[in-house]
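In what comes next, chain A is part of two complexes: it sits with chain B in the first one and with chain C in the second one.
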Partner chain A sequence: MDLYAALQAVINGLLTGALYALVGMGLALIFGVMRIVNFAHGAFMMLGMYATYVLFTRTQISPYLLFIVSGIVLFAIGYAIYFALLRPIHGKSDFMQILLTLGIGLICTDGVLLVFGADYHQINIPLLGKNLHLGSHISVNAPWVVSFGIAVVLAFALYLFVMRTMIGRAARAIAQNRYAAPLMGINVFRVQAICFALGIAAAGIAGGLLLPVFYIYPQVGDQFTLKAFVMVVLGGMESIVGAALAGLVLGVVESLTSLYWGNEWALAVDFVIFLLVLSLKPSGIFGRQRA
Partner chain B sequence: MKWLAHCLPLLLAGALALSGCKGGSQQETSNTFKIGVITSLTGPAAAFGQAHKNGYTVALNDLNAKGGVLGGKKIELVYYDDQSRPDQAVQGVNKLVDQDHVPIILGAYSSENTRAIVPAVDQKQVPLLMPTATADNVIQTGSPWAFRICAGSGAYATTTIDFLKAMNAPKTMAIIYENTNFGQANGQAMDKAAKANGFDVVDSEAYQASSPDYKALLQRVKARNPAVIYFASYLLDASTLMRQAAQTNLNPQFYTSAGTGFAAAEFPSKDKGAGPYAEYTFSVSQWLPTAQWKGSKEFDDAFFKLTGAHPAYHAMEAYAALLTAAAAINQANSAQPAAIRDALKNINLPDTPFGPIRFDLHGQNPHPVLITQVLDGQYKVVYPPDAAEAKPVIPTPPWNKRQGL
Partner chain C sequence: MKRFHLLAAVVVFVLSLLLPLVVETGYALQILFRIYLFAALGLAWNLVGGYAGQLSLGHAAYFGAGAYGLALFSGKLGVSPWLAALMGVVVALACALLIGGVSFRLRGPYFVLATIAFAEVVRLIAKNLPNVTGGDVGAQVPALFHGNVNRAFYWAAVMLTALAFATTVAISRARFGYYLMAIREDEDTALSVGIGAARTKLVALLVSAALTALAGALYASLFLYIVPDQVLSIDVSNEIAIVAMLGGAGTVLGPIVGSVVLESASELFKDIFKEAHLLIYGVLLVVVVLFLPEGIIGTLAAFLRRRALFGGIKAGAKGVAAD
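On to the complex of A and B.
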């Protein structure tokens, strides 16, 4: 296996990793910052894919524009779900949140099953056949590059939102001390609702960006829920930057594992890393040790 | 001890009542005849489950139009959706036998799920007719209740090797298989057959079927430079693999495969499969609408009328399974599972649209295997020569020489 093969695998890993990063950042915002254990994360990603799919088949507009619409739709859904379902159990045990989000995930999956059926779908855009060549050894598929670019921009925007805006600061304040924050005049429910909705929108957008190179069926999101949790733990629980980096790392690790050991090991390596981090450095690879 | 003497008759009566419930008893009084079907109507294998259901429906309409079974009883199919999961398939056996009292079960779709239900039907003592599971281990359990309509992984591998030898293919091969029972069994069968015939198996790759990215795997294969690739894949992974094979610029002389995804009606289509990326791939096949067996054309027409699409062999195998079940029930002239099982052992249907059907000592129907190639978006039989409709295009044109991608 020569150097070019490794380089190619790293590039492919980064392209996949950027989408993982977006999913992971969404969960980091919800799970890390808001302390809501969201087991419906993959289901929302699936909703984003279906939203993009439906819009694409109706309008034939490029999915690389339609993801914006599906992001807005998912934001609205997230906002509504927060106020309708999550707010009433605010401050109750984590167990209730877990059951609630698991239930929401099941309802999403089965609802889609009811409306669209179990059949899978895929879309075809001319871009799929385009490959970009970098030198004679490295080539990348154009749709992956486009979605990578969009994912990076959005990830950066999400970072700026959390670090620079008033709402982002408020969210971090709530994460630091959820009892003191409201005393400082922060509207906890509103901030949490926005962050929850944004986290879900990020997952939905990642789904929309993945759609052209993948296929959809109602259970398609399930595998991403677990991966998202791996990323959040790797990234140090409450850091969305950490989750983003962890997404990229996961993509590259999976790709290199596939190249050198075989695809069957890729998922196993993910979870071995997950267990090692949990047991050896629970604050995460990119997380700071908490006092 | 006295209480025991009182209770014993009661216990015996209870046991008798329970055993009486099993199979048959309800069937004999009603004027429909229930047959159990387990398949994957939801989950990743749903496309194949739907093909099953359509095949069964055509057979059901045919049979009931001719008066059903046992002198006028209409057949009723009781479906159980295993959600593409083996644990659910086992649940299906329990439900169909204990609640619906079916005396025979057809199913499941995948090798994984079918292998899982063999011990269950064995325990319930109900015959199982397998339409599509190609992993040979589903029929090698020694269960006297298991019967298989389709050809299996061993026959797939040896026919593919015979074809490659007839084409004078260079003897280096890579095997790429999905990591459940179907892929493993077919991968191992090919490994054995290839090595026995002097092929150098340069690479053997297992993969997870739901992954969005196989490019690293394909790169690995490319580095070993095999002349032949043998895939054992379901549909969604088959499409993704072929698209990404083009992206990786992987150019073996032969893309061969163990059917299934590579033989699905959807695979060469643009909106449900790999479209132009499916072109030139070889696949084993068990049946095509153009097969020479009597009734193939009629099945194709009936299927097209029902669904608006042409069937692949998975639907035909479901059709043949229900046909065989009905014949066995009539031959047994009984709704008892054991009687139907005995009838299946001796059944001999020389003239079905799926070819002759009978079962050997292991419960296997000795069905011949064809090799097809996707040419202009259509499956064409290219081997064996006496069944060939077209000349195979070899070697496979490299991706950069292809039109219309």
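On to the complex of A and C.
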């Protein structure tokens, strides 16, 4: 019986972890190409949730289709923010970039607070009541299975984009050596803009996919910013595959922590793992040695 | 010139102490208390974030240690309030030793992330151990002052700012201060000329944490009641860093100017933005990074230097013309 509980927790953890993976991959992509730790990452995810929420309440179309729209919206926002705010401070110190993204995050969060208020919102879709049974002891909530499937497909697509397309190759070239890349004819600003926008769109899509199973409120993204940091550090900062694996690991660890110690300790365990990795193996568990 | 600076500082200090004779409403005094408290916090942060160039976004841990130290040592162990506040400082120093020991080995974004993670762990521990800290329900804080409390707390905040200011001035002129600045400019070069970077940074952090904890105790005692999401929140860390960066990190006056501007702005916009009061922080952060990367004081100083240089050239040209 106890074994089933653990197995159930692992499965739930993997289902959550796939969405974490999408958020973490976005942050890793941005860090790899721009060397910017995006402190506004969770805020953009929250924008994705609200975008999906607003579209859903207006059109009643399933959030599992609407996430495409919110992804496009977030991509546009990211592209605009890159050229308006991030490009002007290109090459400035880490501090400036961290403070800028921190500021952007605060503006997003409190902007939404100003428009929508601090109330919690939730949507109701028929799928929420359905459970899938695997054997007699294990059951999973249908929305999580759907969002897991979509997240896996998108994560794989993002991986193919980075590995196979010309822009993806350019992005990896910039991540390897940002001084040599422009000498090879790569338009660094354009590639950075696309990658920043894609990273944010990934977070926004994960937000949209989480909407049916989450309460949303303006600060909902804050915890995801911190979790995304944990993922990229575990995964070796710029490795999107590492971040994806770390997302799954984090989901399972949180789920098991909740089972054995209680939900309230899940985030604390995240941070303790994070600090241990930072101090013992700063290249990350899944990452290669950093230069 | 130096004597003039000292005189100006003393005059401002005395005028600050005399201010409650003119300003008598409790509300106004509380706003002034906040301005001075965050000036002191910004000055404390500035030692690590400004002079040593280590961007800590986890100062809420020390702030909260001071606040909870006062509340718990006094509430649970029955220690007298002032002694409890000092014990809170000791707790903050222990936190700083641990946090600094681990995170100062990291650089750039890794350091920043480690400071955030530590502060968050402290917050979550405070939240999840209700038997010790009262958890989310919160903890009662003893009063450090009695009688006309608004006035007393205001004076205490002014004294704390003066202490932080004097410490900053002393450090910025001492060999130790130059070590910190050398580490900020280029840590590897600083190491190669024989500066023990790890120890130097740690000492700066200890001084910073002690001052921050004192401010935390003052803050908690004014409100008489604290919860983890208030005194240990990442918003506290952010606000402290914003104050210093806005005024000018690595300058003596910057954090004071930053606190006056930030706290006045958030007071002014409070009625417009209501609960979205952090919006103004976000806007100020973006403005500072894009247009005033050296903060208000840093930009002003650069402007004055340029003008002095330009004025000198003009005076020289006049002299040549007169010849």
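One rule holds for everything that comes next: the second predicted complex is superposed on the first by the 286 of 291 C-alpha atoms of A that agree within 3 Å, B and C clash if a C-alpha of one lies under 4 Å from a C-alpha of the other, contacts with A are read in each partner's own complex, and residues count from 1 in each chain.
Methods note: a residue touches a chain if its C-beta (ideal position, glycine included) is under 8 Å from a C-beta of that chain, and two chains touch if they have at least 3 such contacts.
Given the structure is predicted, the values throughout are model-derived calculations rather than measurements.
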Joint occupancy of chain A by chain B and chain C, clash or fit: clash
Touched partner set for A:256, first chain B, second chain C, both or neither: first
Chain B versus chain C as contact partner of A:187, first or second or both or neither: neither
Touching partner for A:177 - first (chain B), second (chain C), both, neither: neither
Which superposed partner A:264 touches (first chain B, second chain C, both, neither): both
Contacts of A:113 with chain B and chain C, given as first, second, both or neither: both
Selected from 24-32, 60-68, 114-122 or 150-158: the stretch of chain B that, after superposition, runs into chain C: 114-122
Intersection of the chain A residues that touch chain B with those that touch chain C: 113, 118, 262, 264, 267
Sites on chain A touched by chain B in the complex: 1-2, 5, 8-9, 12-13, 16, 113, 117-122, 124, 128-129, 131, 139-141, 210, 213-215, 217-220, 223, 254-259, 262-264, 266-267
Chain A-touching residues of chain C, taken from the complex the two chains share: 53, 55, 57, 102-103, 105-106, 108-110, 112-114, 116-118, 120-121, 124-125, 127-128, 234, 238, 241, 245, 273-279, 281-286, 288-290, 293
Of all residues in chain A, those that touch chain C in their complex: 37, 85, 88-89, 92, 94-96, 98-100, 102-111, 113-114, 118, 222, 226, 229-230, 233, 262, 264-265, 267-268, 271-272, 274-275, 278-279, 282
Chain A-facing residues of chain B, complex: 41-44, 46-47, 49-50, 179, 205-208, 210-217, 219-220, 223, 235-236, 239-240, 243-244, 246-249, 270-272, 275, 405
